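When the chains are written out, they are named A, B, C and D in that same order, and each has its own residue count from 1.
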Amino acid sequence: MQKRKLRFGMVGGGQGAFIGPVHRMAAELDGHAELVCGAFASDPQRSQSSGQDIYRLPAQRCYPGYEVMFKQEQALPADERMDFVVIVTPNHLHVPVAQAALQAGFHVVCDKPLAMHVDEALQLAELLQASELRFALTHNYTGYPMIREARDLVASGALGAIRRVSCSYLQGWLAQEAADSKQAQWRTDPARAGSAGCFGDIGSHAENLLSFVSGLAIEAVCADLSTFVPGRALDDDGNVLLRLSNGARGTISASQIAVGKENDLTLQLYGERGGLEWRQSDANSLIVRWPDKPYEVRRSGWPGTGERSQAATRIPAGHPEGYIEAFAQIYRDFCLHLHGLPHGEYPSIEAGLRGNRFIEAVVQSSAQDCAWVKLDVN
Amino acid sequence: MQKRKLRFGMVGGGQGAFIGPVHRMAAELDGHAELVCGAFASDPQRSQSSGQDIYRLPAQRCYPGYEVMFKQEQALPADERMDFVVIVTPNHLHVPVAQAALQAGFHVVCDKPLAMHVDEALQLAELLQASELRFALTHNYTGYPMIREARDLVASGALGAIRRVSCSYLQGWLAQEAADSKQAQWRTDPARAGSAGCFGDIGSHAENLLSFVSGLAIEAVCADLSTFVPGRALDDDGNVLLRLSNGARGTISASQIAVGKENDLTLQLYGERGGLEWRQSDANSLIVRWPDKPYEVRRSGWPGTGERSQAATRIPAGHPEGYIEAFAQIYRDFCLHLHGLPHGEYPSIEAGLRGNRFIEAVVQSSAQDCAWVKLDVN
Amino acid sequence: MQKRKLRFGMVGGGQGAFIGPVHRMAAELDGHAELVCGAFASDPQRSQSSGQDIYRLPAQRCYPGYEVMFKQEQALPADERMDFVVIVTPNHLHVPVAQAALQAGFHVVCDKPLAMHVDEALQLAELLQASELRFALTHNYTGYPMIREARDLVASGALGAIRRVSCSYLQGWLAQEAADSKQAQWRTDPARAGSAGCFGDIGSHAENLLSFVSGLAIEAVCADLSTFVPGRALDDDGNVLLRLSNGARGTISASQIAVGKENDLTLQLYGERGGLEWRQSDANSLIVRWPDKPYEVRRSGWPGTGERSQAATRIPAGHPEGYIEAFAQIYRDFCLHLHGLPHGEYPSIEAGLRGNRFIEAVVQSSAQDCAWVKLDVN
Amino acid sequence: MQKRKLRFGMVGGGQGAFIGPVHRMAAELDGHAELVCGAFASDPQRSQSSGQDIYRLPAQRCYPGYEVMFKQEQALPADERMDFVVIVTPNHLHVPVAQAALQAGFHVVCDKPLAMHVDEALQLAELLQASELRFALTHNYTGYPMIREARDLVASGALGAIRRVSCSYLQGWLAQEAADSKQAQWRTDPARAGSAGCFGDIGSHAENLLSFVSGLAIEAVCADLSTFVPGRALDDDGNVLLRLSNGARGTISASQIAVGKENDLTLQLYGERGGLEWRQSDANSLIVRWPDKPYEVRRSGWPGTGERSQAATRIPAGHPEGYIEAFAQIYRDFCLHLHGLPHGEYPSIEAGLRGNRFIEAVVQSSAQDCAWVKLDVN
């Protein structure tokens, strides 16, 4: 028997934002949740019009700000009130909004990176721990079935101890000054994005993906960040050497000036007895390599894949699932969890904390001309 | 300003069906429509439990049959009543249900193939024409952005007059008798599937895709259908030679016994001055070939693609969109049309009629040992 | 202990020919043979200059014609005389030159198609049978390691009985009248090419590849040939339905007007229990599909491939081998055979005879508006 | 008019070596050179048997050692004497043999890396400069047509100033101790391989390829080398951060423990206005990306590629050329140069010197826990 649809509100995601509608589609795809309210912009007028025009919400649930929203939603009857909030603001508001939400008794789904810096992340983690509420961080790429397959394959030990890992996320959209893009503006502004630009935005995704699949902790980084576009305040490109628990070595690369690249996210891991490769542009395939036989290509939904990756597919093999479906997986697992049902693993606040530690270490290492910087791993 | 969400009911799609939930996800993805009721199974009990368990509908809108549904929905206030019906039954019920829907004043979205035979299709077309209602046939592959790009490229004349076309749709899931699959059962049963098995199911998709992109009419077919699995009543594989308006030649192949194939749908066209290739497994790419320069790969959402393919994407290039998104495109365009807004082209009843003519001609040609059979083209 | 290098002469392959130098490179690659003489053109002057300029041969072994060459080579001491002749003329000269060679006591390597028609091919086959000489037909694609792997995989029975086969060879170089290309001229001239253009040239390669790998005989064809370029006397495109021994069905497609295509040769086979795919553009990979587990990609020279495909590689896996290496494989096996050493299978005169029967049947079927035409199979 | 075939001798390449026969095939492919003698092994007996059995040479030209060979070849008449020597020994012999060859008046083709250390390389460079002889280093990957296309594309300025480069060469063959492989033994022995294992062998190829295509100098490296296989004396894996002239940044990765990888050599460059990608497994394609239009795929031998890449192909587009053909290109250009004819660029002793500087800097940086180490660039 299906549980009731959960109700959620959104903070951010107003006109000009691209990720708000993605969260709406992802959250609603499987029928587990529906958007019922929001504070979509800092400007009350724009919040209203965004809510009505983009999300077809009634005027009374398009709030002028998140504090008002939390207050008024608390006052609603239990069968109307939102269950959780989705935070899709620029980075500097993640923690303030999340804190307010937790204090108001709402579960939280928050976009990445978790916080502006590690201390802020730690404060939020404490607050969460003291509550009985749930928290998900939308490192959405972990929702791809073949990423879950990869994680389980590594965890099974079939590849042996992991020795070499690499993850690369290359885009080209910021190869020039992008003065007229709202997206570009806040992502290159330290006051709203934090201490890292490219590495806060997509380097953190690479870190998360690599950590999720490998199951290893990054113990130290040696990072070389660059800013190629004149006048830009934050990094738009960088390469990082990694030392991981278990003795493994590797690299993370990220760029927003790789001209012509769309969203080229790739992952490779090599253990003592086998290796794997995944690439977002062919997201439904996982290449698994062996030293003594032909390589195999595991495919979303096809026989020979594990239970957990099968659970993350919706349609028969060969009908491609993509970014929205992977994103939806995070929401599905979060909603199942809220209902107390069996669910897959979604990125937690610990993943967010790890991400902020990674970002800080990378920025510090780069500032010290690529000195090794250790990450606090506990 | 957004128009209100449209409301739809579903006929078919109960437990064990795979395509019902796909239609639900596709119809709701862009927020233009929502499922409000249904007659999900011929058994009233199963219709109830399907509606509540799969679709989270209230009991009173899970109807015991489609006639009852149409009647009771007609009686509802205008702001609650469903706007259109989605028909996802086995083939033999498409036309009866569609007729009842049109007579009850509901717009129709119907799965393919349109009808059991051409005469039945013609009757429905007449009824539709006499109404003021709208009809969409879910040849969902035409919703892929790169398929729309391909159609526009051909229509632009840049490839010159088309000479050679081919479309192939290969699956392997019916390579053995599949006695325990509800899907397999009705698709191999002439009473519910019609005169063709593989060609009714996926050969018709290939015909539609080829016709949609090429803009050419298939004038005659020379078809060799096979049934490889012993005891099966309908074809499970076949190859067809084509003669098209304009003098072009080509082939359509379809198989459900191509062991190990998932849903390998491919399309190639060659004109006097250029060619194109598309494959569902890399759905966001369109290869365009030229005699005098490097081939280009057009990508969903990337610069250099046309307005109509851009309109059919939701997310930045490189974040793959897949089968559900393409399917959703049909619904989006249909809903925009119902609202009187500008919309992309979705498959019409004429496409369905063309499909039934193709199926009948293929079956007839094969029965006559591959004699050429002309299609009624008007 | 290595056997001595064999010596060969060439007929054809003079200035303007592309295939002569390919045969030279292929024959010499493995050090088993070397070019020592030739009659490179019908014009004695051009034969001289071709032999000296292209092949660096001494003037006295650049003969004015093949009859003279055979005569004078016969007169040379055994340790200077050529051992075999390579025939790379337009098609109409294959049999006359081969007959003269056999009568003069020389082994023969001949380009495809074997003959202008079946009767001519039969005469040559008789002559050969009466001799003690060896004959190879350069259906060079059978030299690819992964094609040999595919053949052995099918023969092993692992895929079960074959049900569906298809082979397609698409080029675009003759999409327009190509008046200034010597290659194009004779290939579109019935007097030099025979009764088929595209199907004589590359359709015959597709037939050979499909027959080699499947091990099945084509029993009947239903063919639709086209001539798209105005004024051309022979087919430049076509599609063929196949019925094979064992009940399998399939298609062969070939085109020289598929604009923008280079040499896109592809093969697919599906049996009861598995399937395979190969494509020349990724020649070192063989995709093997199974219904119940991930598909595998066998790679030239990598563990998990068979002895015979391993024997057809020269360098470590991942260093791509290509067209010349595959071509060289035919020569290597032929030379090993001449030395009485263990060797792989190279295309025989029987394959040539089968090819001519296929060509004739295809032309006849097309002339009869796609009537089924049976092939003489014995 | 063709020039005469050049004659060459080989040092190294005896039984158990894989690269000797590759050099033989590559050098002879285009008919510009032929192997006439050799000192194939340090053991005179094995040199004899290797020369006769593998290379079919007469006993009198299979020498017991390279000094003897140079001496005796010098004594032969000019029209028999070898023109150049090919050095395919383990690394520690490259310079001694090359010095002896130059002193004896023979041109030199030498395998990479050039020397055991920079000083040795400099000595050889001086000796060469004082002679009138020619020297080629077989960084064979620069012979691929699409690599030459890439270099010319970068040099043309069409991509704008280069910002980001990366080259990766991953193999898995040394993932375990490989005690029984002669190849593995010397490559992991500091006395014969030099100060680096993986980076001497294939990291140096990556450096060369990146430098060749980018036209940029590597100014400093920050390197993290690893040895994963217990007991191994040299690195078997590593990652290097790069700072290049012109302000560009990048990475070089190389591994011999990437289990299941064959010879995965990849290159990416991004400039201000465009980017490019190349991968050995699809060696005949060059992907060129633009910010404002579809990406293009340039193909060996197809229209739209430059004169110099066209000159490096032998056969029509779509018939794949591979590793041996690319290797042969180095020999072809070297031979054309020896004849004083127009020729493409082949890797010079300067490239070798640069390679040794790179290796030394990488080893030094890694020993200093990834401190930046500057390369002497002049």
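By definition in this document, contacts are C-beta pairs under 8 Å (C-beta built on N, C-alpha and C of every residue); 3 or more make two chains touch, one makes a residue touch a chain.
As the structure is a prediction and not an experimental result, all values here were calculated from the model.
*Asks:* For the interfaces B-C and B-D, which has the higher count of C-beta pairs in contact?
*Replies:* B-C
*Asks:* Using each chain's Cα centroid, which is most distant from the centroid of subunit C?
*Replies:* Chain A.
*Asks:* Take the average of all CA coordinates in subunit C, do the same for subunit D, and state the distance between these two points in whole angstrom.
*Replies:* 34
*Asks:* Could you put a whole-Å number on the gap between the CA centroids of subunit B and subunit C?
*Replies:* 43
*Asks:* Just how far, in Å, is the C-alpha centre of subunit D from the one of subunit B?
*Replies:* 54
*Asks:* What residues in subunit B touch two or more of the other chains?
*Replies:* In subunit B, 261, 288, 291, 295, 299, 302 touch at least two other chains.
*Asks:* Can you name the residues of subunit B that touch subunit A in the complex?
*Replies:* 1-2, 4-5, 18, 21-22, 24-25, 28-31, 52-56, 171, 173, 261-264, 280-284, 299, 302, 314-325
*Asks:* Can you check the complex and tell me which residues of subunit B touch subunit D?
*Replies:* Against subunit D, subunit B makes touches at 288, 291-299, 302-305.
*Asks:* Provide the residue numbers of subunit A that touch subunit D in the complex, in ascending order.
*Replies:* 159, 163-164, 166, 172, 175-176, 222, 224, 226, 228, 237, 239, 241, 243, 249-251, 253, 255, 257-261, 268, 270-275, 288-291, 295, 369-370, 372
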